[in-house]
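Next come two complexes built around chain A: one with chain B, the other with chain C.
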Partner chain A sequence: MTTSLSDPSQQHQRREHGLMLALVSPALLVILALIVLPVGWLAWQSIYHDGFTLENYRRVFTEDLYWRSFALTFEISLAVMVIALLLGYPVAYLANSVPKGWSILILSLVVLPFWTSVLVRAYAWLALLQRTGVINQFLRYLDVIGEPLALVHNVFGTVVATVHILLPFMVLPLYATMQKIPNDLMQAGASLGASPSLTFMRVFLPLSLPGVLAGCTMVFVLCLGFYITPELLGGGRTVMVSMLVSRNVELYNQFGAASAVAVVLLLCVLAIFFVVSRFISLDRVLGQK
Partner chain B sequence: MTRTSPARIALYVISALVLVYLILPVLIIAPISFSSARFLTFPPPSFSLRWYQQYFSSTAWMQATQVTLTVAFLTVLIATPCGVAAAYAISQSKLRIMRLIHMALLLPLVVPIIITAVGIFFVYAKVGLVATMPGLVLANMMLGLPYVVISVLAGLQSFDPAQEMVARSLGMNRLRSFFAVTLPQIKSSVVAGGIFAFISAMDETIVALFISGGQYQPLTKRMFTALRDEIDPTIAAISTLMTAGSFMLVLVATARQKGSA
Partner chain C sequence: MTMRQSFRLGCALLGAIGLTGAADAAEQITFVSQGGAYQQAQTVAILDPAARKLGITINQDSIPDAWPAIKTQVGSGKPIWDVVDTPTGNCLRGGEQGLIEKLDFSKIPNGAAMPEAYRSPYSVSYEFYSSVLSYSQKTFPKDAPNSWADFWDVKKFPGRRALRNHPFATLEAALMADGVPPDKLYPLDVDRAFKKLEEIKPHITVWWTSGAQSAQLLNDGEVDMEMAWNGRVSAVAKEGAKVAFTYNEGILQSTSLCILKGAPNLETAVKFLNEAVDPVHQANLPLHIDYGPGNPKAFETGVIKSERAAQLPSEPANAAKQALMSYAWWSSPAGEAAEKRWASFMQK
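Here is the complex of A and B:
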């Protein structure tokens, strides 16, 4: 590291800068070639086809199929986010309030499925939820239901499996934020005569909100672009935006339309990150991945 | 806090149910893979290894496995040195543009993967990299880079660059002092980053769906196609093996990371 004290010579400084740029360049080149260029290509393709055209965007914003798909994607993402928050908050809270050994156990159980392939988990949910699956067989064995329930190949199955995949992204930032809330504050609240629920509502909950925001952002944004789970568990009727993109490419060869959908989706994601970055540092959101 | 109030009991019950929800799907696959039944029945009627036999005797599955392992190994071999060099430069340099470069290197985590996949497909189609091994490796390397960069940057945070300065003032050149002084101290985060890149390459499905084909189809692409058509318990056998494999890798990676902390 060059400090102005140890090295006043400008030439040395320039060599140092050159070396650092050289070190970073292989990684940067790959990123430029394989993500910046492709996304730029998509953007170009969405507005240019034998001349400039906004036809692709007109379709995205006016055609029913596209509208419905965007609306459905936002609805599913919102539902997944809220469910993940409701399920994740208690787990993070518990992990934060028990002795160290227990919290390690709880967090390991949370990240355990994290490291199982998304495909493997889609298979597992099919095995659990389908008409002849484990849950239906069990319920019929108990005589709770006569006919098997339609638990998969619909929105329900998609949401159940998606929440399962995204839950760790909610629990981890929540836990990290709760860890930083000093215990003294809760004790102070209690010593001032507040009931546990009041100290929770007035002290703990507000202080944990940055974690809530970080977790919700990650879950919502990841869900917006989800592909494998809705494709395998949605039964063809749950057409999320990602599937719109892939179908336009694979089935209909509508590259321009696919690109326009992709660009709109990307802009949504970037807009969300931008708004959230006004409130919390993005490192906090991305750091968990 | 330690008094067991009704709210506390509710907290235990809810958390326990959520944890069951989280691990049940992971646990359900192994018994299915050892079942003799052709269709999903639970509990399995009798123990059998036929799905494992099916997997190991199928040329298509074996070829796909070979592709996946080759891609994952090459990905780690290329992504790790590139990621380490980049992380080192980002942490040591005071150039203002490094902040921007740092953000650019995390782009693969920000851009929805389906968009990346379609974009790469269009670019590859132009340059003839669709359905090739180099194409697969490059794409996976790009996707794995952020894991190496994040992990190594975290490792470098606790490293004092003055140590490297000392080695250099004693006459070592820059490269030697890096390998002799810096690298041994961040070894654990390098290994952990490499393992995460490996797992990410093993698991990658969506980009492969678009850019792989012919004899260069990874396991995940074949699994995806198989899952879309019908549920074949062979996939349960493969899934069980994959899960066992990635758990072992994660155990190694986390043990390494703890060692460095």
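Here is the complex of A and C:
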């Protein structure tokens, strides 16, 4: 086939490409203006302040303060990810195995808290977890404890509230993956004499792993940047990286010091996505296909 | 309407806007404060009366933290704000960095009449608040903690405690707890202060970051005593919570007025600044909110009744019990180093 302009199918394709580009361009412009340019400007400020400087990065890599915050942030993110997986997997499994009406109910219960602001949910946890909060008062009423437990203003309270906020990001990719596992495979396993738990372990679980990886990546990466929850529920001691960013603006009176921290965090996130992309397609994580 | 008609109308409208704009430009300023109930109180007590008296228009803007905006606006070479009400430290370091106009006090007689500790070459005190020791009256119905030494005494005063997650006022409180008199604090002995803070650290339940949070902690009984701003404690008490505070060894802090370098309406701004610290306007402020006037002469005007005066942080007898924060020290290199040390202290 020739590739001359007169070829009608080629022309058609070309026109379609042009149309697509025209349709996508407003969105691309918004992304360029609101994400690419500011992030670029941010990165630029971290290395340029009255001349080129690596001072901001020297600080991030040599001062204990930053190392401790990064370590704490990764620990918390890991804990949140594991807990969200342990809680989210059974929920997704249940939603996948019940009739359609029920699964819609379960999924809407998972998504419902999404529409409540993060700030409101943080205060709700405060009302539940604090010394005079619902849980402590109930336990004291039952005489289970003498002194109120320290459930909040520490890492524990931060992790609990963060898991609550991020749980949908675990359940939805898991559910989407489970939906695509053909039921025939389970029946085939059963017909070959495997017990339900064996078919689950040998057939269902391995097939759901892409969903596990997608959910874990989402939760972990989102948790890395959490700010309001640790700020309100961490008691001031739980200093996560995002809080260092804001504190650096105050302390050094220039955006560069904060930008360097943000750039390092961004690079961590990109590195995580890079590693994950070696195992599953990124579309799967981001688009929840 | 034809194209030409609408074009003419458009031109006429633009011209009208331009004209009124020009007429206003001579007699207007943009004033910036921190918003909320505080800015409303000022509008009634100070801004509206000052505008009437000077015959100027005061455009208002508000921002929780003016510092980054001051830097960006002056840095751009074309600031839009004239006068800013901001924590005094911002005026001082802004002055040092060439972001704030140096004031000519011969044009600001009301400011010139204020005690020297209440002004700087770049600013005049506008209002006072205090970081005080507050406590729950449920936990301490009598023999309440009355000094920072009491706050540090976990045996005599058992209970949960909170401090602000910030070195301002906290280092001062630690030094007073260690026996430094309120008028001998500066320059702060930073090592000594942090050593004393290490002592109380295991007993601090929460290091609060916002004023709202400190109020919630006290209101919900999450802590039995804490450092908090006087206005926050009295607001909680007004809502019926059994809480109280003492001005004894409080740390008296202020916001000040200063003018952006290259402000668009410099002359009017100076006139306004003088009017804003006028003793009578200043005396009106505490009738609307729990902050003390920045000009101590306000207490001599007779506008503030003596019962009300006794509740205010900057009332002379109350002020005498407290330490006056030195913003000059906090914006010095030693102060900035202490501020940076805070973050690592919190993490350990």
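Simple rule for what comes next: the second predicted complex is superposed on the first by the 253 of 289 C-alpha atoms of A that agree within 3 Å, B and C clash if a C-alpha of one lies under 4 Å from a C-alpha of the other, contacts with A are read in each partner's own complex, and residues count from 1 in each chain.
As a working rule, contacts are C-beta pairs under 8 Å (C-beta built on N, C-alpha and C of every residue); 3 or more make two chains touch, one makes a residue touch a chain.
Being a predicted model, the structure only gives us computed values, none of them experimental.
In the superposed model, A:P90 lies in contact with chain B only, and not with chain C.
By the touch criterion defined above, A:V276 lies against neither chain B nor chain C after alignment on the C-alpha atoms of chain A. When the shared chain is aligned, chain C comes close enough to touch A:V239, but chain B does not. Once chain A of one complex is fitted onto chain A of the other, the partner contacts of A:H164 are limited to chain B, with no touch recorded for chain C.
In the superposition on chain A, contact of A:E231 is made with both chain B and chain C. Residue contacts after overlaying the shared chain place A:L21 against chain B, while chain C stays out of touching range. Touch criterion not met for A:I76: it reaches neither chain B nor chain C. By the document's definition of touching, both partners, chain B and chain C, reach A:T132. By the document's definition of touching, of the two partners only chain C reaches A:L251; chain B does not. Residue by residue along chain A, chain B and chain C are tallied for touches, and B comes out ahead. In the superposition on chain A, the residues of chain A contacted by chain B and by chain C overlap at 126, 130, 132, 231-232, 249. Partner chain A is touched in their complex by these residues of chain C: 67-68, 71, 93, 160, 165, 205-209, 213, 216, 220-222, 339-340, 343-344, 346-347.
In the complex of the two chains, the chain B residues touching chain A come out as 1, 5, 7, 11-12, 14-15, 18-19, 21-26, 28-29, 32, 39-42, 82-83, 85-86, 88-90, 92-95, 98, 101, 104-116, 118-123, 138-139, 141-142, 145, 149-150, 161-162, 164-165, 174, 199, 202-203, 205-206, 209-210, 220, 223-224, 227-228, 231, 235-236, 239, 242-243, 246-247, 250. Taken in their complex, chain A has these residues touching chain B: 1-2, 6, 16-17, 19-21, 23-24, 26-28, 30-39, 41-42, 45, 87-88, 90-91, 93-94, 97, 106, 109-110, 112-113, 115-128, 130, 132-134, 137-138, 164, 167, 186, 196-197, 221, 224-225, 227-228, 231-232, 242, 245-246, 249, 255, 258-259, 262, 265-266, 269-270, 273, 286-287, 289.
Per the touch definition, chain A reaches chain C in the complex via residues 63-65, 68-69, 126, 130-132, 150, 153, 231-232, 235-237, 239, 244, 247, 249, 251, 253.
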